[in-house]
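Worksheet: one structure, shown below.
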């Protein structure tokens, strides 16, 4: 469990120090204020004190309670800044990993052909994440590491950290990105260097392996977040039995019956909002025109075709 | 700042106290200024990002029409100010004439704009058109801003024109006179604002290098 | 409307009757009440949405609604609460009813414009509702309308944006009206520094409304243009800049949070002296802290964007400014406490609410400091911590300020008294429920529970459940409080003109006030808080 | 209090103001056509600001208005300038 004081990266210490200072000041002041209120209510209640004093102010006091909070907030600012400054100074030796956010899944590209849906990182090594979005804003948040940066399309935002303890930690998406925003989670897995290198070199584990290459592409593009393979209805229509099926779709011209064939699949990927299967909502899916093309598209179509024919 | 006159209760009187009314108008102008201000911020940021593209795109605009319209607005600003002088000097007919002339200039501005926009449309260059969508990013931005800024300004010209027409009619009927000319003053202020905005739009959009 | 005893003197409630006399009235008190009824209705409906969201979250996974519904729900909840309830809220209700009276005027400077703003407000509110039921599905962007999502989502975003735009203009016109009123309509002898502090807070607020709202107006217009004309100011696909949208949005929306809290601070500033029978401590510092909040509040918007990929320099710069804006709030808190200190404190419901205001606002404010520090904000940004922060400060601050105000001015507005015992009981339930609902959210936020999450990791189960139970208690408290008020607005005992022995102008006229407020124009000869003959039996 | 005593701007003054504005416009156009490079924008904006100030002062009678109103106008422009500057702390350093 990731609680506040179990920071698992080098950056946690600075952040937690700022937390503690601010909380301590807040706590003392809140207690003080409550105590004063209670004292006033008891001591100066109308029953006890029938003659209110009639003073109007006191310049000395005003100065005191302007200057003391001012000093305190400046110290708070200092701690906040000190904890934050290293976050933007990426060490030169940091290992770059491309983190890609799309509705509604993460994928991490290690640059050697290895693409993973969870972030696997080596212990005690500096890691830099280059953040890219393929559609709308997302936010990459690893609570245990005290890091968070928004993933904004068209921006090259980044973050870095050095994991200092082994284990599995949560990744959340913290910038609202539509329907399955809360489902856009992943894990960080911190392993030691040896294990990491082995994992990194093993392209099969997540690359095209035994499964159909088309399915691998489907998985890599997070299609399964919204389309199930088992027939259950998530956000979009299920892929089960797509090939050759007849379905009622709503097009710009009205309702129409269509058959699940190569052309239909292609259009559904490239212009997802042109034909909407009845019972589903328009506009939830972005066009994948620039993401899935050429050979990949053929592989996907082939996958549906094989899956459809296997069943028969 | 006076505290003696107050409680001018307009539920009962046709005329709002002049200081009150004028301050109201100025505050409204501040609002307008910040409305355009938002656009200026976007302009500034985008220009710093796409300086080259802005330069190219600006070449499409007709600086001559822009300059003509600047002169038209400046002159109209003067005439509306003069008509206020005329009202105060009890020269009713002159005031009407000057306001009429101002409205005429507003018309000239609109006609110019008609030709300017017409030319863009003839090139299929308007928001949402294919031509525009296929331009480089900075140029899309420039034209987007161009249409929104001049469009919003145009809207203000139209509103100003209507306001001035109302004022002209009221001068005719004597409801605006040397005693009560708050509406006239406010209408003039509004018209000057239209001019003010254009003073900035003109170099930023038409003359950019 | 007219339920006065036949012998009751004519007042603004009964001098004319019939629905139309209300809907077409330019009397500031009637317009204030119209706002009041609309705002309360909207508040209750949005509050029910809040409760439903909490019930949904009682356990992980889907319990009572789908993800799409949840997303639409927090959007509507946020839009209504922010744009319809709390931004106009105090200023439009108590500002309208009390401002002219407190400065000794017969009405606001532009009564017709005032009525017009009301209808603009009502129109905007209706458009907001329409966006829910119009063809297509309800907007699901969150109240912040961040692009590119809001530029692409298929829901009725344009309608919702139009609503926000319209409501913005209603707010601008109210602000404009108040500034001119305060400048030109003060009673003879009421110099700036003899003006009570509630009008002062409205004055500071009005400037924010006037100068910040247009920026969001034009920004929303640009998003509308983006969606309908495909221009792309903010959409990166067309070269736009999504972060620029955030700048423009928060240039307005940060100052807007002070639009919410400043009038509430003004209300409690009126309450403390009255119930202590003692002058306000530090009148001048309070005035200047209001103005300082309004001014510095313009320059801190970037603290909502610490993780957006802004430059390093602007992140720490905004953090520094954010800390500075906390100082005037601190000054106010200490002055309020000192106002009570040494007084003869009578713990009536208005004071009870005002004191809880201090407590809840302090917690909200201190957590605001946690958010203002860059390092810690990186951790808690867009988590439940933020949600707890702003519920503490908006609901606990502005909301409790509003409740304090209504309990304070109720006898003046309706000429009747509510049941004090029930008011106290309602407060107790409300206060307990409030803390139970929102405090766990601080803890969950620090642990990493993101906001706008329909579903959550089972490890947050305990906190979420406590929070849901709190919301139910909160609900009970609100019902208790509101029924007490509604019932006694018609059936309560007739209230005297000055039940709390207040000294500002509104207490010097009958309850309810006559149509034209003052029979003769009052002449002010001294400061607002002089208690020469303390009514302390 | 009422505007009976308010200042009347003479026709001649109005006309002179127009002339100055037209001259400044001409200068703006000439300057920009002269391609001063990096300075062009600065010069164009400065000239526009001067024109703006003239319109405010004379056409909009600010010269003859109360101090409070003049302060307000000045403050509003200043506020806007600060907002732009602060926005650019982000864009300039990025």
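First chain written, first letter: the chains are A, B, C and D, and each begins at residue 1.
Definition applied: contacts are C-beta pairs under 8 Å (C-beta built on N, C-alpha and C of every residue); 3 or more make two chains touch, one makes a residue touch a chain.
Computed from a predicted structure; not experimentally measured.
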Top chain pair, ranked by how many C-beta pairs fall in contact: A-C
Geometric centre distance via CA averages, chain C-chain B, whole Å: 35
Geometric centre distance via CA averages, chain D-chain B, whole Å: 15
Distance from the mean Cα position of chain C to that of chain A, given in whole angstrom: 32
Multi-partner residues of chain B (each touching 2 or more other chains): 1-2, 4-5, 17, 19, 23, 27, 30, 33-34, 37, 41, 45, 49
Residues within chain A bordering two or more other chains: none
Residues of chain D whose C-beta touches two or more other chains: 68, 76, 83, 87, 91-92
Chain-chain contacts as defined at top: A-C, B-C, B-D, C-D
Parts of chain A lying in touch with chain C, wherever the complex brings them together: 1-4, 14-15, 18-19, 22-23, 25-26, 29-30, 33-34, 36-37, 40-41, 44-46, 49-58, 61-62, 65-66, 69-70, 73-74, 76-77, 79-85, 87-88, 135-137, 139, 141, 143-144, 146-150, 152-155, 157, 170, 172-183, 185, 273, 281-284, 286
Residues on chain C engaged by chain D in the complex (per definition of touch): 183, 211, 243, 247, 251, 298-299, 302, 310-314, 317
Touching residues (chain side chain D, partner chain C) in the complex: 68, 76, 79, 82-83, 86-87, 89-94
Chain C - residues contacting chain A, complex: 67-68, 71, 137, 140-142, 146, 148-149, 152-155, 236-237, 240-243, 276-285, 307-309, 312, 315-316, 319-320, 323-324, 326-327, 330-331, 333-335, 337-338, 340-347, 355, 358-359, 362-363, 366-367, 369-370, 372-379, 381-383, 446-448, 450-457, 459, 531, 534, 536-537
Residues of chain D defined as touching chain B within the complex: 1-4, 6, 8-11, 14-15, 17-18, 21-22, 25, 28-29, 32, 35, 40-41, 44-45, 47-48, 51-52, 55-56, 58-60, 65-66, 68-69, 72-73, 76-77, 80, 83-84, 87-88, 91-92
